[in-house]
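Common to both upcoming complexes is chain A, partnered first by chain B, then by chain C.
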Partner chain A sequence: MKIKKNIATSENGFIFNPSTGDSFSSNPIGAEILLFMKSGKTSLEIKEIILENYEVEPAQLERDWEDWLLQLKDANLLDL
Partner chain B sequence: MIEPIPYVIAITALNAIDSPGPGLAVIRALREGLGTGLRIIGLCYESLEPGIYLHGQVDKTYQIPYPTAGAGPLLERLQYVHEKEKLDLVIPNFDSELYNFIKISVDLNKLGIKTFLPSHKQLEIREKINLAKFGKKHNLLVPEDRIIFKADELEKVAADLGYPLVVKGKYYEASVVHTLEQASKAFSLLSVKWGLPVIAQKFVKGTEINIAALGDGKGNAISVIPMRKLYITDKGKAWAGVTLEDNTLLDLGRDFIKATHWKGGCELEIMKDAAGKLFIMEINPRFPAWVYLTAAAGQNQPAALVKMAFGELVEPFDSYQPGKMFVRYAWDHITDITEFQQISALGEL
Partner chain C sequence: MKLRYERPYLKKMNVGVMNKFGSRSDFQPVKFIDGVSVKSLTDKYGSPVFVLSERQIRKNYQSAVRSFNTRYPKVQFAWSYKTNYINAVCNVFHQEGSWAEVVSGFEYHKAIGNGVAGNHIIFNGPEKKEADLKLAIENDSLIHIDHFEELYKLIDICEALNKKPRVAIRVNMDTGIYPLWDRFGFNYENGQAWNAILKIVGLGKMQLVGLHCHIGTFMLSTSAYAIATSKLCDLAMKCKNQLQNPIEYLDLGGGFPSTNTLKGSYLPGVDTVPPIDDFAEAITTTILGYGFQQNELPMLILETGRALIDDAGYLLGSVIANKQLSDGRRATILNFGVNLLFTSFWYDHHISPAQDFTHYTEETILYGPMCMNIDVIRESINLPLLSPGDLVVVHKVGAYNMTQWMQFISTRPAVVLIDETGQTHEIRQAETLKYMEIPESVPVHLQHKK
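Up next, the complex of A and B:
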């Protein structure tokens, strides 16, 4: 899953979709993941970074990751 | 650096009120785009149009006759203003005054006053009562509607189109109604205020987007800027908005200009439904009140119009900044009662 190319994100978690005018804010970890996604990292690479840097079980991360993608999809931010 | 161009340009719609006229936004864009040599002459209808008193924006204002007085008195008044000010160009910004301005545009040109306006035919095809037909002809989505002359037609129309229903005045204003009683009340109010017919339009739920566009009169869109309303007033006006990057909206603006060979500024009011379909709700035959955003985003539509009016070849803009936002604000401008007295008594200030 890739984030749409034209989505603007900032380090403090602000997200702007210039196609629709929608804006969102995310928490710091969300902002970090978005920046990774924008830089072209794969889901696998991002999950590895998270497991390395945060105290989270792989199974929990998988559940959160699915939830995260659903939120991005609902917000019309993914290239499907 | 912007070279000063010593044009004298007359502008109407100085009513920067809660449902603002575009005049001040046009002036702001012109001052920014054409430099300091510009002299702006305000043309007003009422003594309390705020622009009259904003001397940093409007150098001098003259009162002009209401559109209902007809084209003759307007021409006469503009001849007087021209004698005093040596006007180079006039940009009218109200829907209701355009008919007269177009009618006298040849006379104005003879006097040396340029205009850059659509034709009467162009004005007519986008009128509310003709919009659905126009959409059908050019393959553009327009919500189904019915033209109503009598209140007792409402029951059948509501049965055809369903509730909620949008009841619209011939020129301005609209009400979303949910019952026959509400529809009848809206019909009475709107027909008294704006005359007959009244338009009943199928309600479309979605996101409100406006498109400001500028046509060269030959089918080319010089500029198309879409804006999503972020804050909407109780009169349905955008109090805040943001420019969008969406090729379907740009194409829609270009298609309209191409289909009509529109000359001048215009605004397409769009409703984007959940499926992403773009419905044209209305087409306004002049710049919108938020037109300064086009300049802020990199396509100064009013300045481009002036250049075309003076015969310059203007190439279509090819980029702008999406995510450029405006937030309108109210400001209590302080002036002296003598100024009010002067514009009220003498018709100029």
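Up next, the complex of A and C:
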């Protein structure tokens, strides 16, 4: 699951898709995950980092991860 | 220390909207109700659970009474049982001095059970059974006649019992508010109400002591009450002058709005709803200006329901799951639905999370857990990001929900009253399967073999 190459993201959660002109904003954890995704980390690696740093159960994260990917797909930000 | 987690969330920004997430500074978690923590309430009594504030009920009552008795010498409130007839709730009103207003034998017996004096019970409604009418006559209750059928039935009963009950007629009328509630009572404009009065007074089997109307509910127009009052005054004057039958009381019914926000209205209820003072002003100035002599001023009765209790009630519940719908909209499933929150058909209920959250919000649909499509609590609401297990507080649910709730696919939850010292009391236990099955019986040939 990769983020489209031309998507611009910033650390404070601002996201811009130049091909559609759409912009998005995300909460801090979303911004963090986006940066990881852009840097080429795999889903597994990212989830490990989150589990290490945040107070969350693996099962909860797993569910939210599915949901997150749906949001990205919906926003047309994923390279399918 | 690990960081506080929040699920990752993305929101599309509309061009031209500068504020990232809209201004949502009005969001505050609601962690306490009258000083009692929401979490402790659900821990102790389960989720969902209805919570009522005794302090708020009394405050509402006292302030409504003040609105009227600072303007008019003879005022009496009668608690509308159907609005919330949990006995503890009724007794708060009765302790404050309220009579009872009932619309069925069931409610009538509840009022008697709560120790209300028979002559302080107003018996309204289109369906009064013969046995209930007889009891009401024996108890000297105030019977408000709804239609001619009932009038004739009462005449028969009076003859059989050889009693002369105190009665009123319910009058319906054009107050400029549509649709007219003309299915209840006798119409003013077409002369039906006057005919009923002539019949009652002429036959002499009953004492016509009052005139009643209830022009609608969640009424936003104070002038409608002025019109209704003047039409009742007109009938009262005619009773006195033409029939030598002075009227002892005018009952203006209920109908004052609570501060809930009606569905589809642009502004929140708190900003649009006239205060009770304005209704009191419209009603009392009309009576005082009508030309009654000081010693003949009728008593003014009010059957106010929702305005006295809506904002004293809360529904606490939990988030079950979040979803994304096929069209991309977000949805949140809660552990209560329209089965418990009947009023979500009318209101956009204000809902607050009961725990801390960040300033990120999303627009979501709130669904209940019923397996039916109409089970929607809010079609669209902007809320902080909620996670499964999070608690939410629904505000202003004190009126009609605890009487119109449906027992569908699960049992109804507990109702808790927080008294004025902050003590909690379970005033109605959560229903159980066993309780639900008490009235059932299975014929022998259908019983399963153990």
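Rule of thumb we're sticking to: the second predicted complex is superposed on the first by the 80 of 80 C-alpha atoms of A that agree within 3 Å, B and C clash if a C-alpha of one lies under 4 Å from a C-alpha of the other, contacts with A are read in each partner's own complex, and residues count from 1 in each chain.
Rule of thumb we're sticking to: contacts are C-beta pairs under 8 Å (C-beta built on N, C-alpha and C of every residue); 3 or more make two chains touch, one makes a residue touch a chain.
As the structure is a prediction and not an experimental result, all values here were calculated from the model.
Q: On chain A, do chain B and chain C fit together or clash when superposed?
A: Chain B/chain C on chain A - fit side by side.
Q: Could you tell me if A:Leu35 is touching chain B, chain C, both of them or neither one (first, second, both, neither)?
A: Once the two structures are laid over each other on A, A:Leu35 reaches no partner at all.
Q: Let me test your reading of the model: by the given contact rule, A:Ile49 touches which partner, first (chain B), second (chain C), both or neither?
A: Neither partner.
Q: So if I put the vertex at the Cα centre of chain A, how wide is the angle out to the Cα centres of chain B and chain C? Nearest 10 degrees is fine.
A: For this superposed arrangement the angle is about 90 degrees.
Q: So, A:Ser19: does it touch chain B (first), chain C (second), both, or neither?
A: So A:Ser19 only meets chain B here.
Q: Using the touch definition from the top, say if A:Asp67 reaches chain B (first), chain C (second), both or neither.
A: second
Q: Going by the touch definition up top, name the partner, chain B or chain C, that contacts more of chain A.
A: C
Q: Pick one for A:Leu78: touches chain B only (first), chain C only (second), both, or neither.
A: neither
Q: Figure out whether A:Met1 sits in contact with chain B (first) or chain C (second), or with both, or with neither.
A: So A:Met1 meets neither chain B nor chain C here.
Q: Pick out the closest CA atoms of chain B and chain C after fitting on chain A and give their distance in Å.
A: 5
Q: Looking at the complex, which residues from chain B come into contact with chain A?
A: Interface residues on chain B, with respect to chain A: 207, 209, 228, 230, 241-246, 322-323.
Q: Quick one: which bits of chain A touch chain C in the complex? Just the residue numbers, please.
A: Touching chain C from chain A are residues 15, 22-30, 33, 50, 53-56, 60, 64, 67-68, 70-72, 74-75.
Q: Taking the complex as given, what residues does chain C use to touch chain A?
A: Contacts found on chain C: 2-13, 15, 20-21, 322, 324, 328, 358, 360, 385, 387-388.
Q: For chain A, which residues count as touching chain B in their complex?
A: 6, 8, 16, 18-21
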